[in-house]
Structure formats: C-alpha cells, structure tokens
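In what follows, structures are represented as structure tokens.
Shared chain: chain A. Partners: chain B in the first complex, chain C in the second.
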Partner chain A sequence: MSETISSAASRVALRASGKPKPATFAMYVFVGLVAALVIVGAFTTQGFLTAGNFRAIITSAAFVGIMAVGATLIMLGGSLFSISLGLTTALTSIIFMYALSLGIVPAMLAALLAGTLIFMVQGAIIGAIGANPIIVTIGAGAIQDGLIGWISPGDVVPPPGVDIDFLARTYFNLPVSVYVFIAVAIVTDLRVRRSQFGRELYMLGENPRAARAAGLPVERLTITAFAVSGCCVAIAAILIAGFAKNVNLQVQGTYTFDVIAAILVGGNAVTGGRGSVGRTVVGALVIATISDILLLLGASTGMQTLVKGLIVLVVVVLLHLTQREGRAS
Partner chain B sequence: MSEEKALAAEVRGVTKAYGPIVALSDVSFRLRLGEIHALVGHNGAGKSTFVKVLSGVVSPDQGEVLVYGQPVAFKTPRQAQAAGIAVVEQELSLVPALTVLDNILLGRVDPFGGQTRSAFLAGVQDLLAQLGLRDVRLSTVVEDLTMAERQLVEIARALSRDARILILDEPTATLGESEIERVFAGVRKLADKGCSVIFVSHRLGEVLDLCSQVTVFRDGRMIASHPAAEMTRAGIVELMLGKVSEKAESAMREGARRDGLVDIDGLTVPGQIKDFSLKANGGEIIAIAGQVGSGASEVLRALGGLIPQARGRVTIAGQPMRLGGPQRSARAGVVFASNDRKGEGLFLQQSVARNLLAVRLKAVSRFGFVSGAKAATLARRLAGLIGFDEKRLGAAVLTLSGGNQQKVFLGRCIERQGTQLLLFDEPTRGVDVGGRADIHNLVRHAASTGNCVIFVSSELDEILDLAHTVVTVFAGRITRIGRRREMTAAGILAEITSGSAAGAAP
Partner chain C sequence: MSISGDAPARPTPISRRIQTVMPYVLLAVMVGVLLALPLLTGQSATAFNVYDALQLWSAYGLVTLGVGLTMIAGEFDFGVLGVFAFCPMIAVKIGEYDATLGLALALGFAALIGFLQGVIVAKLRLHSMPVTLGFYIALLGATMTIGHSQSVSFSNFDLGTALDAQKLQILSWRSLIAIAAFAGIYLVMRFTPLGRDIRAVGGDRRASRMVGVEVDRVLILVFVVSAVCSALGGIMQAYSFATALSDPGQMPLKYGVTAAILGGVSLVGGIGGALGIAVGALTLSLLQELFSILAAPTWVSNLITGVLLVLATIAAAPDLSARWQSLRTPRVLPASPPTPAAE
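Moving on to the complex of A and B:
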C-alpha cells in the first residue's frame, strides 16, 4: 500500500514539474498537417474535385452536423455530451415510422417530442443533482436500447400508402437535409451568441461555482441545453428515416462518436465555456471530408473509423496541453 | 552560553520582501526548548511569512535561522522537515476516507523509518496515547473522528516524523470549547516531553491560557516578546494595533434610508454560526468583523443561499426569504460577492462587459435576446461608475490586474434592478491602496441608492472607514453590535480575539 502511495506521489511530482511548453506549437503543426493532407488528398484523389463529390461531402456532413450543432450546447454548458445520442437517433426514427400511421405531421411532432423529452430527463438529472453526465447518459442509453428491442425487434418501414420521399428529395442539387442543417446551424448560432440563455450557458460552462453563486438558473440552463440537443437529434432522425426508408437499432451507426468528433475537432473546449456553433460546423465538415477522401481511396469502414478515432485523440490531447500552457503562462 | 544551548530555534534579523512589499523586516525570535510560544499579530503582520521561513517554504532575503544552534538555510519544506520542524496547518490535510495509519504513512519516503512494521506501529500507538487518543485505533477511518481528534492525528503525523519543533497555525479555528481543551492537553504533554511549540493564533484568551511566552508581530516587525504571565489581553491588543489613529467617524451620510429593509432572525449553520440576529436598514452599511473561522463569511454565504444547512428566518423588504438556494436569494434581491473572485466570482475568459452584465441580462434583453446596443450602453455606464476605461470593455477579465478584477466583480453587483441587499465578503482582498479607495466608493454608492450593504472584513481600517454599524463575531456568535461612533479599533479587536463575551449576544 505504501508503495502505491509513494508512486502516486511521484506521479504528482512529475505532472507538476514537466510542463510541455511546445504544445501550442504542436497544435498548429497538427492543424496544418491535417489541412495539408486534405489539400494533397483533394488534388491527388481521383474524383475529389468534382461538384458531385462536394455535394456528397456536405450531404454526409448534414446528419452529423445537425446533431452536433445541438450537442454543442451541452458541451458549452459544461455537461460534456450524451453517450447515448446514437440510440436516441434510432429510437426516435422508429417512433417516427410507427407514428406515420397517424399522418406525417403528427409523426414528426411525436418524434420531436420524444427526442426532446428523452434528453430533457437526462439534463434534469445532471442539472438538478449534479450527476456525472457520462454515467447518466450511459444509463439512459441502456434503457433506450432495451426499449428499442422491446417495441421493434426488427425493421420498421413506413405504413403502406404513406410517402416520405420528400424528406430525401433534392432541391437545387442538394438534399433537404443540407438545408435543414444550414437552418439549424444559423438558428442555434444566433441563440447561442445573442440570447440571454446563450450568454448564461457560456458562464455556466466556464465557471459553474461562480454561476451558482451569482444566482444564475443553473438547472434550467442545463435542462434547456439538453432539450435543444434532443430536438436536433429528432430532426436528424426524421431525415435519416426518410433517407433509409426502413429503420432499426442499426440506425445508430457511429453517430455518437461522429458527433463528439465533430465538436472536438472543431476545437470546442471539452470542459465547457468556450466554443461556438461555427466551430462545430467546421468540425463536421472536416470529419466528412476526411471520410470522403478515405472512401475515394477505397479504405474500408474500419479504416475510416480508425482514422477518425486517431484524429479525435490527437486533438483532445493537444487541446488539453495547450489549455494547460495557457493557464501556466 | 547555557542559554544558547536551551534554544530550539533562533531567528536573527530575518527580512523577506515580495517585490515592493516587505513582509518581514529584521525579525528576531527565540524559541526555547520545551516551550509553548505564542505568535500573535493582526492581518498582514507577517506571521504566515515567518512560519513559511521556518518551514522552508520561502527563503529569507537576509538574516539567519538556527535550529538547535546550527545555522540552516532551508530550500524546501522537506529540508525543514528533516531538521525536525513540522507545521500543522489550519486546514487539515488528512484524507477523510483513509484510516489513521494510512494518513500517518501518507507521503513518507521510507514508510517505517527503517524500523520493523510492528515497532513502528507500536511507536505510533504510543504517540497517539501521549496525545490523549488512547481509544483511537490505527484502523479507524478519519471520517469517523471528531474535529479535535483529527487535529490531534495531524499533530501525531507530524511527530511521527521526529518533529521536535511543532508549528501550530490557527489549530483551534474550527474547534468547539471542549475540543480545544483536548488539543491543548495534548500540546502540553508534548511540551513536557521537550518538544517546542510555536502557537499561531488570533484567540488571545487561549494564547494566555496555553502559552508561556508571547511574541507580537506588527507590520512585518517583531514588536514585543514577553512571558505570558506578564501580559494581559488588553496589553496584547495594544501591541498588535500600535499607534493606529482612532479615526473620527468619517463623513458618512446614510443614503435614502429604508427602515427595516432586512431582518435576520436566528440564523444558524450547524458548527459555524449560532443564532445570528440582525436588523438592517436600506442605505446602511454594516460590517461584520471576525477572524478566519469565526463564522463571519458564513453569515454572508448563508444569506446568499450557498449553505444548504442554514436555518433561520430572513425577511427582505417585507418578504420572507427561504435560505439554501442561491436562485431564491437572487430573486429576493440579494446579491452576493464571494471572497474568492476567481473561483467563485468572475468569468475570467470572458470580456469585462460580459462580466459586468452577467446577472442583469434581462434588463438589456427583449424576447430573450440581448440587445447589443442596450448592452453596450449599460456596460459603458457601469464602467464609468467603477472608474474603468471603457475602451477596455472588450478585454478578457483574465488580463486585468487584481484590483481591476475586483472592481469589475463589485461593479457587476451594483445598480441592478430589484436589488435590496448586497453582501461583500472581503471586498478589497488583494487590492492595492489606490484600488481600495475606488472600491470603498463603490460600496458607499451601492448603499446610497437605498440598498443595504453587509460586508465582512478582517481589516479594521476598512471596517472603521466604511461601516455605519459594526457587528463583531467570535466563534460563530455575535459578541457586540454597535454604531460606528461607539466603536474603536482596539474595542473591535478585543471583541473578535478574546471571545470574552461569547454567548452574551444582545
């Protein structure tokens, strides 16, 4: 036992003494490197510099982007993210499909309501009792996983006679989802930067103790951030349903990770208080571009996931180090 | 010669400056073997710097330190520890979730000091017994001990490292009457065994009770050192204060007076505040004077809604206010400014303008959206009020000096719609002389608009300059409430250090 104690003490000592000064520099090098790779990839990869491919990139960024824009609020407010985001996507898309028998508008309302509520409850638990967001959202994920297995063990398709093709239709060469992405980004960005809610959310994320002492409505802010994020998940889930035509548990895909990756690669602070919707949009586009290049190069989905994982890890480490340098100087 | 030998530690002509601020100036000090030696002085007297010099945390600019007759020059606390000096801080450093033994072993380079495990354990048991902790087992989890027992375990931990010179820094600030007796009994036993003790305290009653020698510091100088038997509380207070001019009440007009704006009845926080009652008017500035650990800060924190266990009836502008929720306090018109402006006050990465508007966004918003023009106008107005260059409103608060940060912090609180009561905890902590005057004006301005201001300060000058009414607290109780003109610096200091009147609240 005493050995563990002294080794812990030496670790602490190491951390205190070894301050890597050049982390900010490394950050710039990394960002430059990724940019260079994208540019080189762009020019050397067959078929990259075509209008069709750009459409493909922005289209594939749209689903992730819509959800990431919403989830940015959670991170800005200092509650990290929802680990069960992908499962909520699957569940709300299934609810949407089922509810289509009531009509398209009721189905949309049902999905939006479900997504918003599922996230709100998580936000309430985190905001009101200060529970750990990771644990809460993992727990919520297990519940949703079980729920999906219970209500729809297999594929769900639209009821006969109901046409949801308009959800995947293209206007001016771009699918509906891209326009929705742009609209969601603009509205959320305005809200974050201009509204009282947005300003207070930044304060909560930067210094929760100060926000509490100042009497800011910390619980309400957290709940609202989650609610907006859940609503965005439902919006994406409706579009995904329109795109896929049949939905099941597999709809979750890698959305949870992709959303977190987009937020982090955009450079939003994991600890909250710093970042913007704009950063997340850039992050979503960068991730989509990298996936696209890998796809064009014929890389497997495994390879794509691996590269995305590496990028996220490097960004997280470098962001952490640059922030520490910022505090030290 | 023989006297030299009897000295455990001697400090000769030590000077230490931090930049332009001289914390210690030509200080000499002698600690005899087996002596319990009190070190007293008001805030900023240099006590803590002195303790840091002895314990190797800072090196003196001039002068020498001798331990058992040998000159030493500690570069690190570890070297001081090796020379047999141990400091027991006011804030306990025990880990509550670990056992007594784990805590004693924590941080030791060589766990059993070259002895066998059983010999070491027997030694530790013996130490605990000497301190009167016979019934505390090594396997007891620290959480289950009383505060006094924890303090004694902390001392045992220092002694288990062969400390022969023990520095106790405000060891009783958080203890109750009977617990203090237990700690004192333990300390006396140690002294009987030849251990020398430096006892740093604000509580003069205890000092005279426990110590054989009393040394008084003031403004970084050693002012006097006498046997305790020759000293009285009043005499020590006089030495601590020096020739502070007893200022006449400065020209203070109470602003728009609103009688009975704030009524606090029986405010209690278990273990910290006992039955605090106070009636205050709008336009009035009230100072709560008390030493660290006296409960003064906690009164403000409780009113700000930050202490869930707080009980008591509080009425503000005729409306009862429930305690225990910061948002409830805010809605009732209470604005609280913590003494920790970085940790619990400002949003350092955000701009000055945003910080100034942090708790009044509603006033500049329409339909939930902040109007840029209105926000800018209000921010400029507030900047003018706090004397801050409006060209720098866009700068991150992080980049400002401590004084300017504090101005922004207090500026955030003033002139806010619906405010009734402002609570400032140590409003000028870490602020230079020029900045202090500005902040004092801000506090007066806040009261002049009809709000009630209650502030806590450990600086007598500040209390005498600002307050219309002074409340003194000791050990969680009010010892006196008086108008400013009835109070003197010596009177306040006597109230907050002696505790003679404890329990005799009016």
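Moving on to the complex of A and C:
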C-alpha cells in the first residue's frame, strides 16, 4: 500500500542502470531535502517530537486524507479531479445538520446519499458523453454554491437535544476521524487493487481509447469512481460537522486544493492509470507534516499555502521527468 | 496534451457553424431580454447598467481572454486566478509610492509567471493543469503573505476615480483599455500567422510540429498573454476599488470559463477567437447586470451561471452526438444461433 515517491524513483533508477539519471537524481535530492527538513524541523522545533504533535499531524491529515483517498479513484480513471469538492463538503455538512432533526442515522444517510448522488451525476455526464471533467465540476460547484445560498443563509447548528459530540470524541488518544481515515484508506485500497473494478479503472486511466475499444464499461467505471469519491466527501463532511458544531459555506475552506495537492504530492499520475491509494495517504501525511512544522515555526497561513503550492509544482515536474527517463531507457 | 484527455471527435461543419454563430445569438437574446425588461417586470435597463456591465467585463473579461486563449491552444490555465490575486497586491503595495512603477512591476511579474508556466508546459511536455494549479496555490500563498491575509487599501483614490469616470455614458478608461486589449489580440489572431498557429497547436499538436509550427514558442507566448491579461484585469479592478484582496476566490475563473464557452471556445482546443470571447464575456456580464437590476440574491446568479456552464459543457461534449445516435438507433438483436437439432 505504501508505495512512496522514493520507491517509485528508485525502481525507475534500477531499471535504467546502476547510475541514476539527472531527473531521478533530482527526485532523490528533493525527497532527501524534504526528509532533511522534517528531521531538522523535528530536532530544532520546540514541541515537534511530542506524542501530542504527532496526534495533531495525523488528525489534521484525516479530513483531507479521507476525501483524497476517494478522489484518487477519479484521477486513476483519467478524469483528473473535482474542482467543487470543497463546496460538496459544505453542502453535505449543511444537509447533515438540517437532517439531524430526523435523528442521527437518517442524517448520516441523507448526507452520504447527497454526497454520492452529487458526484454520481457529474460522473455520469463525464463518463457518458466525454464532457470535460474540470468544466463540469466548476459548473457543479457554482450550482452547489447557489444551493447553499438558497437553503442556508447563515450558520446551521444541530437542533437542541441532538448530541453529535461522539463524532469528535477521542479513543486511545486519537479522534474518530483518524480511525475513519485508516478504515476508508484500507477498504478503498483493497477494492482498487484486488477487484475487477480496480483493474478496469487503471486500464481506463492508462488509455481511454483502448479501454473503449476493448469494451470496458467506461461510463459505469467513471460513475463508480465519482460515487466513491462523493461518499468519501460526505463521510468527511459529517466528521467536520461533528468537530465544528456549526456549519456554513465557509466549511469548504481550502479542501478542494488541499485534496488535489495530497494526491499530486503522493506521486499519482495526473493523466490517470498510475498511482495508488497508498501514495495519496503518504501525500496527505507529507503535507500535514510540513504544514505542522511551518505552524510550529510561526509561519502564517499564507506561507503554508505558498510552500504547499511549491511542493506540488516540484513533485509534478520531477515525477514527470523521472517517468520520462524511465520510459526512454 | 489537450485538456480533454481522450481523443476528441471533431465537430461536423454544421455544428461548427452553429458554434460560430451561437455567441452572437446568445448576446442578441440577452440584449433582447434587457430591452423587453419594462414589459416583463416593469423595470428598465439604463445606460448606467450597460456601463456597470462593461466595468465587470473589463476585469473578468480580460481573465476570460487569458483562459480562452489557453483553451484554444489546447491547454488550461488555473494560474490566471493566481496572477489575478498576486499582481494587484504588488501593484497596490508598490503603487502606494509610484502607481506607474507598481503597474509596470506587477505586469512584469505576470509576464514572468506566464513565461515560467509556458516553459514548463511546453518544454517538458507536461499537463498544464497540475502545473498551473501549483502556480495558483503558490501565488495565492504569496499574496496572503504579502497582504498578511487581509485586504490592502490603496490611498490613491484619484487614480480609481479617473479609471472609472464615465465616457460616452457607457464607457470608462477601464473598459476602453480592455477593449484595446481585446482588439489588439483580435487583430494579431486575424491578420498574422500567430492566430492560425495557436488554433493549429490546439487542434493537432503533432501535426503542427510536423508542418513546422514552433509549438513551444506559441505555447509560451499564450501563457504569457494569458497571465498579463488576467493581471491587467485584476490591477484595474484593484485600483478602481482602491483595494487589493488577499484572496479574490474562484469567481474570476468560473466567470472566465463560462464566458469562454459561451463565446464559442471549444473544450477540445483549436476553435475560438478573441471576438467570440469578448462577446461571450459581454453576454455573461449583461446577465449578471440583469440579476442586479432584478435585485436577485447572489445564489440565484450562482445557480444560473452553474446551470449555464453545465449545459454548455454537455452541448460541447465530444461524445454527445454519438451517444444521441446510439439512443435513437434501435438495437438489432443478434440472430439466434442455430440449434444442434436444426443442424
């Protein structure tokens, strides 16, 4: 499961020759630099090497991680990514809060159904007629933005008498969201690696034209990938609502780009067909760790965002170059 | 490296003609609705409403021009959001001391950012989406850092007042500058080989290389123009509002993509032009103004813009006609295999 960037780079290097090529070498240097930054940060930053801080890192990675695991399937299937993921998070968390008056289980089911359906419809448009995924998801985002404005003009809080504290409770010093993250990652990874669906999804992402020619159910695969992603978004939205206790449009935060960053930093191919859930988990943890160090060093939110963007850029470029070298050799 | 991963089905000549005419039809419908407004609602559009629509057009329309050009070249530029945030911040910060220097530096940064994006996409043959997304996130972070995550005010109110002053009732220096930018790019695309080359690169990159089009140079130039146009739109808006925002959100991109598609830019690359983009952006600006006249809440505008974008994307989807045909053609069941007894 944990096929990391460095292992991918080393595989390429070994295949080529005993001596790493320039881009592979650059990838080593980058991975080394990130590792060095984490180690130096660990020993020089007060409060980093504490159990509480490690809990903070994995907790902050959990929400993004859950959504990124689902969104990995969209990227593996060659449909790039969703630009409206953050808005679906906000919308499903609002639906969850409203539906709480019916009880906790119906509220969860309503949110899961809403998240899954919202993404399924987008997947259907993309899979059935080959519509551009970025434009479809931008449009879907605008529609959801409108819906949020319509159904929720302000903050939505749980109705009196309904207790949702258990969604943020900690067990063995870790919050529920971390266990959910681990469970979602394992189940999705097994499904992707050991099922016909997973194999066909990889084939679709690797070469859509060949997949169609081979008679693969392109439409069904794309819809399923989107549905799983929407379900993961809804799971995260329920947990976020449990943490925040009141939800509104602002719940979307920077989740859309954080999720894409986690998938890309993990080393998944943006064009599809190559990557894994494990890589995404590593990507989410790497970003959470670096953000944590920057936070402990007193860096502003802006600086954290800047570093995140640069990491995405460097990883995308270096990974592309190492893969190109691998293909050339 | 086309933005539609799969090989696109080329439009038929009839659908191509419809695509060419559609932006003007949509604009005519929009103007018709505005003219018929007194009959429909009792309210009417004034010259000020047209002026207001053109003010929006001058900011977001230039983003549309940038995004539209990259789409014609078969790419996609998330970076327009980054420069739309970052360059106005530079222009306002430096502009406090010298507005001209602030403008020049900000546009210089935009050109550099566009150049870097173009070089990475063209020379390394990398997918433009993750590259420009990385740039967007980094630039947003840089903007927030410079502005300390707060809006930065600009004390030179005279500049904003001069830019916004009404000319011929419906125009201003802002809209005139935007018109000049559109006209310049229209003339270059219409009367120089560059326009043909940009469409060729978007339509069939491999064939373009084979016939001698300097694909890399074209792509780099398109990204530079995209960044400079978006920055110019953002800077003029910031000077006009006397404020640079630390995070302008994703609205400029949503507007830009919707307007480009309404303006006849094809999602598969190779089709579209500056005039169509200008018309698409004007249609969308007038639609926003219509919502403003009707005092419709923001969510209505978001909802309708989203529905418009999804419908336009469905209409432009490469496999739509094939899907439609398959639904209309009755399925012929295969003949039953001969039974052993019949043999």
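List of remarks:
Keep in mind that, in the parts below, the second predicted complex is superposed on the first by the 305 of 329 C-alpha atoms of A that agree within 3 Å, B and C clash if a C-alpha of one lies under 4 Å from a C-alpha of the other, contacts with A are read in each partner's own complex, and residues count from 1 in each chain.
In the analysis below, contacts are C-beta pairs under 8 Å (C-beta built on N, C-alpha and C of every residue); 3 or more make two chains touch, one makes a residue touch a chain.
In this text, all values refer to a predicted model and were calculated from it rather than measured experimentally.
Once chain A of one complex is fitted onto chain A of the other, the partner contacts of A:Arg274 are limited to chain B, with no touch recorded for chain C. In the superposed model, A:Thr322 lies in contact with neither chain B nor chain C. In the superposed model, A:Arg209 makes contact with both chain B and chain C. In the superposition on chain A, A:Gly78 makes contact with chain C only, not with chain B.
When the two complexes are overlaid on their common chain A, residue A:Asn248 makes contact with neither chain B nor chain C. In the superposed model, A:Glu200 makes contact with chain B only, not with chain C. Contacts of A:Ile134 after superposition: chain C is touched, whereas chain B is not reached.
When the two structures are aligned on the shared chain, A:Thr222 is found in touch with neither chain B nor chain C.
Of the two partners chain B and chain C, more chain A residues are in touch with C.
Of the two partner chains placed by the overlay, only chain C lies in contact with A:Leu147; chain B stays clear of it. Put simply, chain A uses residues 209 to touch chain B in one complex and chain C in the other. Every residue of chain A that touches chain C in the complex is listed here, in rising order: 78-80, 83, 125, 128-132, 134-136, 138-150, 208-209, 257, 260-261, 264, 270-272, 300-310, 312-313, 316-317, 320-321.
Touching chain B in their complex are the following residues of chain A: 1-2, 5-6, 9, 194-197, 199-200, 202-203, 206-207, 209-210, 212-218, 273-274.
Partner chain A is touched in their complex by these residues of chain B: 102, 105-109, 111, 304-306, 326-327, 329-331, 334-336, 338, 343-350, 354, 358-359, 361-362, 365, 368-370, 372, 412.
Listed in rising order, the residues of chain C touching chain A in the complex are 3-8, 76, 120, 124, 126-127, 129-131, 133-149, 246, 250, 253-254, 257-258, 261, 267, 297-310, 313-314, 316-320, 323.
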